[in-house]
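Following: one structure in structure tokens, then a few remarks.
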């Protein structure tokens, strides 16, 4: 193996996100006169789950209105637009594309009018048999409008609608394989559904006046001051209309497959998902790291903000190595950014995080990081710490090495992007420029969650896939 | 005193910033082929000093180009614009208006062409005799272009230019009273100047190839990888051209008047200003709070992020009360924001910071806050902590109560905005909804800085103004 | 009949167009390396046929690219966009909606990807059985993307594609009833088709290098310097690919039904359509008016610019009454326009056309107008002529009264909009404020065209509809 | 002389206007509650006098508001903006730059605040001593804000304001040399002024309720339904305030110098300027051409639309050669336009005007054109007529050859742009591609106006300049 086999550091270390990207967030309201306004706030709270596009569909029972756009919730919507989304029923979505390129027409909720009746759908997750479903539907005359895997749900659904909505869902959803937490709506019904393995979270809440709320995470319930009621169960379909909520069950496997990476990185720390609090579990990851690496020999605990903060707190407390916030975030860094001219190439590194020299100089530092995907971001940051005079730099990561791609909605879908898939821990440490590198053990990570019995999808760590992808899985977008 | 005398909580607690606003940031480069590109990065690092407008003027020695706009640096500039700002000399500015309304024509650097020669100026600070200077200049035929106090500098300057640039500056600057850290440029010269009291910071750095950098704070030197050389001294004028740097001195008073609030709140923690590191001093403010309030009786130390984090670290370490990051920031909150509809009024509160119920519930919490200006933001936040189940809430503030307006560039320029100007500590505590409230003592704050002898402007705390404002100071904008 | 039965004059006489709106224009190129650029010019020449939206789809045989937008061709496209529309094959469309509301998603060419293969379609005309076709297709699972009648063509087509493109077209087009001149394309084939009655024009041209051009009117051939070859015949389908042009025929009725209103108003005077020159025929309409109204008794012939100019020339020459251009057009009137405030209501009238008082004062004027639809525009203009001092005002119209709606692509689809449907000539004259009003006779109009034998659709004048519309014709958009 | 000495035909014959550009239009209202809305309409009517930028300043007697932008009136203003321009007093301006580059800051009305009092100015015309005035003012400390010659008026004015507004104007205006028709306003006064030679038009009108209107041309009075009162006289200053109108006189020369090119090309045909109707005079130019060229030997009279139409009518009537509108205008040609790709270079020609082949083929055509500046536009158009099959093409021009630059506000300010300055009539005819070319004689042109005694500036035809320009006239913009 030669040095060149490593991914070369990205020229502008800002654009590549500091971590992997989640597929999507879903939020819906039934029974509140300001349903769209509440949904706007709900999407704000779920913005971390998708920043490429946002959309809301609303209904007053007779008319449906919708708005979608590229960008953040705050960029896509304004007061006038929200004011035009009238009604007691609304469904919203934030998206980071995993399948379906990043175009306005692929923004969700996806809305069609069928026989004069609208159907809207927002999807979090990723299907593993979308292409074969699409080809079969086209074979009998269906014309697809987008390149999203999510669109197959709607084409399947309309072919069963004559049996009624609930029955149609029970017939069409099981044909889809893979991960899906869905929000759907018609003119008068809000629908939530979760695949039988329960890969992605989805929960139900209730507002004071009785309105129902559907949300990917509980942090959005907090924001709209809804009380958490329960999770939508794996394999469950809920329909909410003027008769209240009714629940319908698909056949489900014995095991579940909650995405553990939601705890490690994706979900907001103030959310409870899969029934447990994210902040707490992250802090326990840090405590567990302190237990697994008792001899790290550092003067200072330094999390990479903000995702490493919570494990950092746990590690600092348990290890007794004092915590310092030695990398200062520039809160005004926008998403668009001018590439430095050739001669200034190195400047970009410090834009987002600048080390406090006085804190670091001459110190043995232990960095707490949530995960390492490609290693390039860590590498550039470690260099700035060296420049600031750190004596030793160690890194502890609050999950095991990422060695396998994810087919259920996370954007590291090939091995090539994962540095640990092809390199040993020592090689990774050398690439990043560390004095030492340690990962939390798989057992330690699972134990720290406190789940009993554990029900996680751990495929990105151990290659054990709960649902096998179609052989042509990777060709989906190319062929649509 | 009745309850109504309190400021009523702002309906949308997002828009009012969490703290007072700084006037401006200045950044300049002489002697680098990508001067404007470097300046763009410098302004990025100084963005916290002003978010209303940004501008850059550049020169290649023959031609001058400029661009200004409302909004953040990342919004105002793009690659094309930066590419058109050619030359080895550039001056940039970020602004939050203190005098001069918030209009594009008031964006800085202010640029004029005089007798075919351009002069540009960026100003951090606030003059106390701007209106009388302006009236006198108009009396002899000058026409002003803006409503900024800063414009008087240029009109004064051109009337002395026949004496040469350095001499003209030495004659005109002393006519201006109050606070000013200035960056100026002509076609071929970069100029830095600081008022005789030195209210606002200004420093000099150098790039590897020898190019000079002028900056409000050292964090911008770090970003462009310039080495810190020294501060521009109070009362000093520096001219940088192809002959290098020359220094000129105005007459100065014995005492200095560094703005201590730069340490408390304004400056970035990774900057060194007035010769000392901000992070370090903030952490010592927290340690001193622990010393002054040893019996606070709390289970958890919880800083309000991010400005309270550093004092929070110091307090937690010294007091032994464990630190928790119990308020989660939504990193995607934009600056524009849809007002919730009437019935949803309360929702805005949690948009920016959401408490982690699991961390707070049933706990006695001590909040570490940098300062309290109007008290309304703290009040709404405390309410969300109560809702999350905190048992007791105490607050410690890392500076004394703000009782007097600032005339030198901070935007609390009337007593009416300062809750502590009209209310006792107990009243403030009651308004905010605290179980107890404590402020750092004036002596404690000064001592924690470690300055010897201390040379601060403490006017906002004790009313002792180093430079008296004109009687018509407050009428400036109205009359322009 | 009371005065109130008249349509009330529109408050802002600018927005309501001075005449009825045409459905659309189609333009395509096969075999030129700059196909999209040529198409852009072709659409420019056809802009009078549709100003609401414009679009171009291009193909290089492997990849298809497209761009659509609301507004004029000059607003929708720019150099960068045209540069990205690569290939030797392009299809363009300008649209004024007759069915399908005025939304971006209803802009044409309509493009879908079916089984990985793109199909694009641009339609001029209007179907009379679109709703029943749509309902039938939905019944077997098709999901429609737009509210345009044109979309049924594509859904019909894909269900026959396994038989090959030509055969599929021959099977699906006859199911559509009404008016259609179509441009279609796949990755490698340009298609033109015209309904069996030939309501709307469509012609073929050829460029110097041999490339084929398809266009609604010959004026677009002139602009791109293509030579006119022949019209696409009623009931003909032409396919153009690397093998050249092949022609296929649907079954056709004996009679044709060319829209005579294309000659009266729609088509550009420099076009030849249905085999004859428009300018010539319009001038002959004016000559015929002079023959039918020999005793008009006027001092001055005054056409309403520009649509009345050509008949005006003919009338002036034949009658000997000298022509004056007494209404001056403001060439800078934009399409958007500020409503005058309540107190200034009347001002809008003169914005577009201002009378030259010196030409009109004290004169007996005969106005030559192409047609009267609602009468409101004429009414406001006549008032300005009265104000300018005209002694008598007579009006001659170069077609008979419009008494019946059009179902084939012109936007007066209900009788309510047509003043002559409900009022006698004398009543119309009184409403408009004329001393006398005369219309060209139906026989005179047809005779003036010189067609032998005549083959026109005259339904809007005499109610004789070549193709009967479905009973639910008018509900199409409402129900989609 | 070789053929190469001719200006080469511009690649895209659209962008270069078909004729020279006028400097500006001015419009003001005093005493109407919707003054800004009226001014908006007035500017619409004056749009032909300037299309680069537009602006309106309004006052309610206490507060002044303003808006300016690049582009057409319809692009710069919208309902919201007009609604914010409150008050009974407004001044508007449309501009095509002659001095002062084409930038937003050079858009007029130019507005300054002096000692808290606003002064606004809109200028039509061009000064011949602007640079020397500017240098003198700078010498005593004035800082200029723009690169417009017009700005000197304001700097001169404020130095005399202590003497009262009328007296200040009487002292400062005579220092300016050259052409100026001015509209000015303060918070409570509308001012009109015209240079002593009266180069450019300016007139006064009155609305029904008594409000005063100031306008460059009467067509704008028509639009707002104001009655024409009289012209502002050469050398006159009028002030309109709550006391009504007062008139003040500068010293004036015996002769006047009305720009005769306003009649030939600039002014709108429906305007009366310098006391006479433009349409009438243009028609007489055509009649006079028929008298001066009786043996032209053509079958068809064909004006180049629209500027040649009026002389065309006169020529056709007098000569008996029948008029045809043989070039069809595309009314949808926008101001921005995509350059055809290299291989399509020739296409642009026909975009704006397409010949009607049926009218031209085999005919001897006489073109009536208002003027020839560079000859390139005519040349490309003549080529399209040849392609359309014209047998002979003759051209008659309704003014003499342009041989000298204009210093008073028209944009052919160097000899190089004027083809007739360097070439004989025969050479021009050959360059354009004509069978013959004839110009109206100077005497004929003047006689056709019917002025007695004539009082025109004829400098662009005969080089006789009423006011000599400064030697550094041409350097103005470069040096500002």
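Letters A, B, C and D mark the chains in the order given here, with residues in each chain numbered from 1 onward.
Convention: a residue touches a chain if its C-beta (ideal position, glycine included) is under 8 Å from a C-beta of that chain, and two chains touch if they have at least 3 such contacts.
On a predicted model such as this, the values are computed, not experimentally measured, just so you know.
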| item | value |
| --- | --- |
| For chain A and chain C, chains touching each | none |
| Chain whose mean Cα position lies farthest from chain B | C |
| Gap in Å, rounded to a whole number, between the CA centres of chain C and chain B | 62 |
| Rounded Å distance, chain C centre to chain D centre (Cα mean) | 36 |
| Centroid spacing, where centroids are CA-atom means, of chain B and chain D in whole angstrom | 51 |
| Multi-chain contact sites of chain C, meaning residues that touch two or more partners | none |
| Complete list of chain pairs which touch one another | A-B, A-C, B-D, C-D |
| Residue ranges of chain D in contact with chain B within the complex | 112-116, 135, 137-138, 140-145, 147, 154-155, 158-159, 479-480 |
| Contact set on chain C toward chain D in their complex | 33-34, 37-38, 40-41, 44-45, 47-48, 51, 72-75, 77-79, 82, 219, 222-225, 268-270, 272, 277, 279-280, 306, 309-310, 313, 317, 322-325, 328-334, 336-341, 343-344, 346-347, 350-351, 354-359 |
